[in-house]
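The structures come next, written out as structure tokens.
In the two assemblies presented below, chain A is common to both, partnered first by chain B and then by chain C.
Here is the complex of A and B:
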């Protein structure tokens, strides 16, 4: 545990070195949010509601989902980089599971960007665009549990992409495919309320709905307290499935390790 | 009869090397039907090393030294053969095994690029669960022996190569391992820096009874630190003996460097 904590601390402090990057990150997230909100404002064309969905709800969806997706950005190329420059050798010399140290490192990254990117961006966007308040104190609490689960899902998706590096030396195409699917199907740029029913049915059977749409629905109080449990269950189930695939890939992959250079 | 601390028997490892025809047609054909050659990096190597020995492990570039070291340190899986070190099978029991060894790879750093050296040491202290007093004792000893005090608070990316190497060596020894692999620790260093590293290696071998495996291309490293030499060539062991025995291979009065060169060039045959 203390080992993980120190990895966590190292990764957190590693970011504090770069001040400009931190400021640019906030600017980047805010711009992204402002642009997509502007597009939706035009689409609404002055109406305050379309299909019973208010513009304020859409804006809230966009602010929270895009803020989170910037904060939860994982480095899909971490394993690939370690394989390319051979530093995988150094990692394997440590008496710790590679995935555990990587998770601890990722959590340090995430906490840092939640504090220095997500929070300021959401506050800025909330002031200038307008963010609906959560439907109650309880739903804030339920929302937080739900985004922890969605981080777990994103992390295991990223692990699968990363571990593929043992077979395909460049995971860029897989990482891009994954990101596009998340962007479209998880509701970060197109709130799922507006998806045609047929598409929505398909999405319900994929892990993507669990990533951002479920937490946002909980935040807005669109999912009743009684149904929250089944949503958590769905999220947890997807996490377990994806996690097991990741473990399997790691166990096959580590036998294929090749150390490049020297 | 003492039991060896390191034992390799008939270890083999090959790598896939992608093979492609030249020119555009060849590259496009390769996209659909990739062709590979299997290159034998390590081909039937066996040896035993006893506790407290300092062994120089040498061979031309690409002879398989680093691959052997990486199999011994539990990073790579051998294709066949057996490796037993300090009672462990490195690649199978990696997590419990690696606390018993230290490894310095001259071409790679284990320190965190952006943070001060001392922060990386603190991380290692937690990873290996080094007790506070042992950590302080080792840190003080290495700071004195390797003269780290002037740059221990600096970020790693601002260190010179010599400083970084010294910092890396200390990093791999903080947990007091009984066996240490040095894979080209003097690569790219100046004469003074090399000498300082040799002295340090000699010290931990003689005074601390640490078993040392040392790969290098600089024969002075070997002369000054190792009592025994293993030479490998194209994945096979071709010489295993003391420095004196190596010198006796040539009737003429030559230094180690010339003898080793003659062996690489095939002028001295060893059966």
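Here is the complex of A and C:
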């Protein structure tokens, strides 16, 4: 546990060195949010509601989801880098499981970007664009549980991509395709209320709906307290499925590992 | 004089052949990567297209017209990157001292920088997307393609390439002063380019001014598209803007070239 904590601390404080980068990150997130909100404002024209959805709800969706997607950025190339420079051999010798140390490292990253990127960006965007308050104190609490589950899903998706490095040596294409699917289907750039029905039916059977859309619906109070449990169940189910695939790949990969050079 | 000219073309071809060989050494990987760039860039357009299933238009621009607007920015970037990759990644070669090697060779500096690299995956991905979008939209938006419009289209595309080339050249020149100019490129080029994906008339006035007078992406796609489409939102801008893209491109490139020339005098090697 203390080993994990030091990994966590190391990755967290690693970032504090790069202050300019941090400011750039906030600027980037704000700009991204600002552009999408400007577009949706034009799309709405003068209408206060389209399909029973108000512009404020759309703006809230875009601000929260894009803020989160910038904060939940995982390094899909961690395993690949270790394979390329051979340090995977050392990692395997360490008395801590590689995946555990990677998770601790990622959590440090994520906490840092939640504090220094997500929060400031959401506050700035909230002031200039307008963010709906959560529908109640309870929904804040339910929302936080839900985004923890979303992070778990994103993390296990990233693990699957990373573990593919044992087979395909360069995971850039796979990682990019994964990001594209998340960008289009998870509701960060197009709130799923406005997704055409045909596409929406398909999304219902994929993990992407669970990534940003469920947490935001909970935040806005669109999902009743009674239905929240079944949403959690859905998110947890996807997490478990993806996690198991990741573990399977990790165990197969370890066996066929080829360390280049020495 | 004549022999030197032939020599230049010959060298450019030699360079290009070598670059293509090195980029396509692993054929399958190269295809997959180019395709991935294509999909990555297309995803933004897919999102907009799906959005417009509900809303039908954005400030009077219908889906097909938007596709045409996008095609200009992607096509111009696809062409741009064949020639200007060396300038895009220029701060790296200043940083690692690669530029010193170029200084020692008996040929023009800019010629060497331009011809010695080309990001072919980006060229195929962006350019291919540009062509796809053009083919999808060009016949459905009521443009009558005749000699004038075709010539204008080619001139505007060249102008668009030169405008972005001028930006790359100016930013590359900055790296003589700053050594690491990557952040400035990130803010000025890539962030502003995000706005260029939409008709600029939908943005607040400040952004419109930036897009016209500071980082003139508006001349890369918005105004040329307006020349061919004549949408209503053109009324808020001087009509002459629709015609001057090639001039803006030539002029900016000339300015950037002067800046490059004067910045060269300030070059200090990073040592080692």
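Operating definition for what follows: the second predicted complex is superposed on the first by the 261 of 262 C-alpha atoms of A that agree within 3 Å, B and C clash if a C-alpha of one lies under 4 Å from a C-alpha of the other, contacts with A are read in each partner's own complex, and residues count from 1 in each chain.
In the analysis below, a contact is a pair of C-beta atoms (placed from the backbone, for glycine too) under 8 Å apart; a residue touches a chain by one contact, two chains touch by 3 or more.
Values in this document were obtained by computation on a predicted structure and should not be read as measured data.
Engineer: With both complexes superposed on chain A, which partner does A:137 reach: first (chain B), second (chain C), both or neither?
Structural biologist: Neither: A:137 stays clear of chain B and chain C.
Engineer: Tell me the contact category for A:20 with respect to chain B and chain C: first, second, both or neither.
Structural biologist: second
Engineer: Should A:190 be classified as contacting the first partner (chain B), the second (chain C), both, or neither?
Structural biologist: So A:190 only meets chain C here.
Engineer: Of the partners chain B and chain C, which touch A:31 in the superposed model: first, second, both, neither?
Structural biologist: Only chain C is touched by A:31; chain B is not.
Engineer: A:127 contacts which: chain B (first), chain C (second), both, neither?
Structural biologist: The answer is neither, since A:127 touches no partner chain.
Engineer: Can you pull the chain A residues that chain B and chain C both touch?
Structural biologist: Common interface on chain A, chain B vs chain C: nothing in common.
Engineer: For the complex, which residues does chain A have touching chain B?
Structural biologist: 2-3, 5-7, 10, 13-14, 17, 85-90, 92-97, 254-255, 257-259, 261-262
Engineer: Under the stated contact criterion, what part of chain B meets chain A in this complex?
Structural biologist: Against chain A, the touching part of chain B is residues 15, 66, 70, 73-77, 94-96, 98-99, 101, 103, 105-110, 112, 114-115, 119, 122-123, 126-129, 155, 172, 183-184.
Engineer: Spell out the part of chain A that touches chain C in their complex, as residue ranges.
Structural biologist: Interface residues on the chain A side: 20, 24, 27-28, 31-32, 35, 38-39, 42-43, 50-51, 170, 172-173, 176-177, 179-180, 183-184, 189-190, 194-196, 199.
Engineer: Using the touch rule from the top, collect the residues of chain C that touch chain A in their complex.
Structural biologist: Per the stated touch rule, the residues are 29, 32-33, 35-36, 39-40, 43-44, 46-47, 50-51, 53-55, 58-59, 183, 186-187, 191, 194-195, 198, 202-204.
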